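Labels run A, B and C following the written order; every chain starts at residue 1.
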Amino acid sequence: MVKVKAFLGYIAAVLTLFVVLATFIGNDFFAKKFVDITSLKVSPIYTGGELCKVLPYDGYQVKIHKPVFQGLFSDRAKGFVQIDYEGKNIPAIISQNIDFDNDGNNDFYIKYDPKNNTSEFKSLNKNVVSLEGVYKVKDNYSARVSLKK
Amino acid sequence: MIKGFILGLSSGGYCLASCIPVFVPYILSEGKKTKWNFIYLSKFMIGRLLGYVLFAILAWITGNFIIRQSGYKETIFAMSYIFLSLTLIIYTFSNSHRACNIKYLSKFFNYANKENNSTTILLLGLFTGLNVCPPFVLAFSDAAFFTDILNSILYFIAFFIGTTIYFMPIPFIGALKGKQIKFIGQMCSLIIGIFYMYLGILMLLGR
Amino acid sequence: MNNLETNKLKEVSKSKKIIKSLSACIPVILLSFVLLTGGKGLPKEPLMKVSFLTGYAFINLMFFLMVYTKKTYKYRKIFFVTYALLFVVTFMTNLVEIRGSIFYNQSTFIAGETPFCHMVIPMIIIPAALTKTIIFPGSILNGFASIASMIIIWLGASIAFGRGWCSWACFYGGLDEGCSSLCKKQKLKIDRKWTYLSFAILISIVLLSAATLSPVYCDWLCPFKAVTESEQITSFVTIIKAVVFYSLFLALVIILPILTGKRTQCGLFCPFGAFQSFTNKINIFEVRVDKSKCLNCKKCVRECPTYSIDENSLLNSKALMTCTKCGKCIDICTASAISYHIKGTSIGVKTTLSRYLFIYPAYIFALTIGGSIIVNGIYRLLKLITTGSFF
């Protein structure tokens, strides 16, 4: 029994070297497998949530995400919705009404001047609280609007 | 009442997430056996229930007498967090077997029995009970519209029963012994106390 | 035998020892070349070539000295400290090159460009289990230090050497290890009960991160924000955070290690270290004391950098679960009673074999994760010297 334990111990110790090599050589493979098995994604709190709809305009597009109320067990009372402005011809001043919940009614009005970093915001829905901020992400802009349930 | 119970069941896990940072350090730092931890759990639950009952009364008053102003709610939660954090921080530096100093709660103040520190755990439960979570806010909204105050209270008692089910495993943490576990629990109390104090101050400043 | 013959014999024996040690290093010499070049051959740019060759020589020299002198701690420490210092240089210069700044803000989070750090791992477990999402603003698969690739590296290290991560792989550990070696005389003694503070921090940040769905340690407590990346100072709260980060770094990574001669950040504060201690339970390697040889001088108890040996553990002939397998106790023991040990085998038997079976994978891991950082760090420094700029 003692000899068997020792033998197994030495085998495990030798295998450690292969574990180390596999960790780095097979890193891409194992990483993809890990994601496939666990189906893990980055939290929508950081990514902005799933895409709900894309509004094409001349030279740019407006991407509206689904509202994010992520909580540990259930949705939180406060959340946000993210609007992305992407493209080469984003207007010098962004100004529009947004309907993020597809009910046919505008939920808020946003006006943003990237040059001066000034913004105007008007809530048109009782669940829309305020403009959290407009952020420059590479060459595009993302606006986050606070919501409540 | 069933709606209150169901809301409690749906929020129980969330309540656990907000209560465990408060309760686990206390359990660990007391270092007691499982039987004692059930007793502590019961006292903690009574504190939470008291918090819920107070909230039920508040909901009823808000709905029936006071025009709802968001400032009051925020201030109450902010004060609740600040007091909770103070309780945790004070507990970290106090000897848990010393008799409690809060004189006007004389029912719980007993020189003869130095093991009785009900006040601390009741306070912890009370202030955790005043914690906001989505089903809790829903329950508040519901209870505010009862015209009879007894209905508001019963609604929150049902809510409380729903949440209680999730707390059963906690006393078993007490099975872990040793001065080390107690020290870890005290340090946790301090860290979490500082965090809740920060949240309370931010809320009070309106951020 | 006269003196001349004795000297000649000594020289022959020394040459034999060098050849024997070199032969033992051949696998590492070859593997390190393949792993550092990625199988692509030497870099073409002259400065990068020089950096590569310097780094490659340094890495293999340290391993050779480890084998030749049979001392693990000293040369592992030189490698580890160099790796940590050059990590700071590499990381910060890379960030400035890619992002334009070492500071991050909400834009950085939305872009999903934050490199994933192993310190986050304990905090993401509960939210990942319950929400199937990772509460970290990084990329799952793409880019530098993606979440999945870092998790695989951590898993591999945990299986291979448990909390040995803290002395062989962690890119921060070398900073406080370096400072702990600056002063030979211990000027301050810290009660060992404070080693449990790291466990308290671990429990607190795991619970608070689950409650807030954000990595609380990174947001508020990580001392290494001072030398990597931190939040742009735009408000009172971010000022407070910066004060906390810099104060913790000064205290735990510089001042206390100098005064105590111990790795205070790693031993007393780091929650990842506390978390990683549990992986020592599943790891095949451990540090054991041969009671039949032990003189009970307690030098190992006094000298352990992470407070991982105490009188109780000595009685049980082993180190505590917080042992980082740094090798210091093994090297300083005058009775050679302490050794790397493979679970299941007899204590004090075939210690040389056990040592080699440990240091091979441990050093290969260290050079793979640290080698390119060392090479890039040397490159940046040479660029600064030759052109006046890191870029």
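Note that contacts are C-beta pairs under 8 Å (C-beta built on N, C-alpha and C of every residue); 3 or more make two chains touch, one makes a residue touch a chain.
All of these numbers come straight from a predicted model, not from anything done at the bench.
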One chain's C-alpha mean falls closest to the whole-protein C-alpha mean, and that chain is C
Top of the farthest list for chain C, CA-centroid basis, is B
Chain-centre distance (mean CA atoms) for chain A and chain B, in whole Å, is 34
Dist(centroid_CA(chain B), centroid_CA(chain C)) in Å evaluates to 41
Touching at least 2 other chains, the residues of chain B are 17
Check: chain C positions touching at least 2 other chains come out as 210-211
Among all residues of chain A, those touching at least two other chains are 71-73
Residue set of chain B touching chain C in the complex reads 17-18, 20-21, 24-25, 179-180, 183-188, 190-192, 195, 202, 207
The chain C residues in contact with chain A across the complex are 31, 35, 105-107, 109-112, 126-128, 130-141, 146-149, 151-153, 155-157, 159-161, 210-211, 213-214, 284-285, 342-346, 354, 357-358, 360-361, 364-365, 368-369
Residue set of chain A touching chain C in the complex reads 2, 5-6, 8-10, 12-14, 16-17, 19-24, 27-28, 30-32, 34-35, 38-48, 70-73, 82, 133, 135-138, 142, 144
The answer for chain C against chain B in the complex is residues 193, 196-197, 199-201, 203-204, 207-208, 210-211, 216, 237
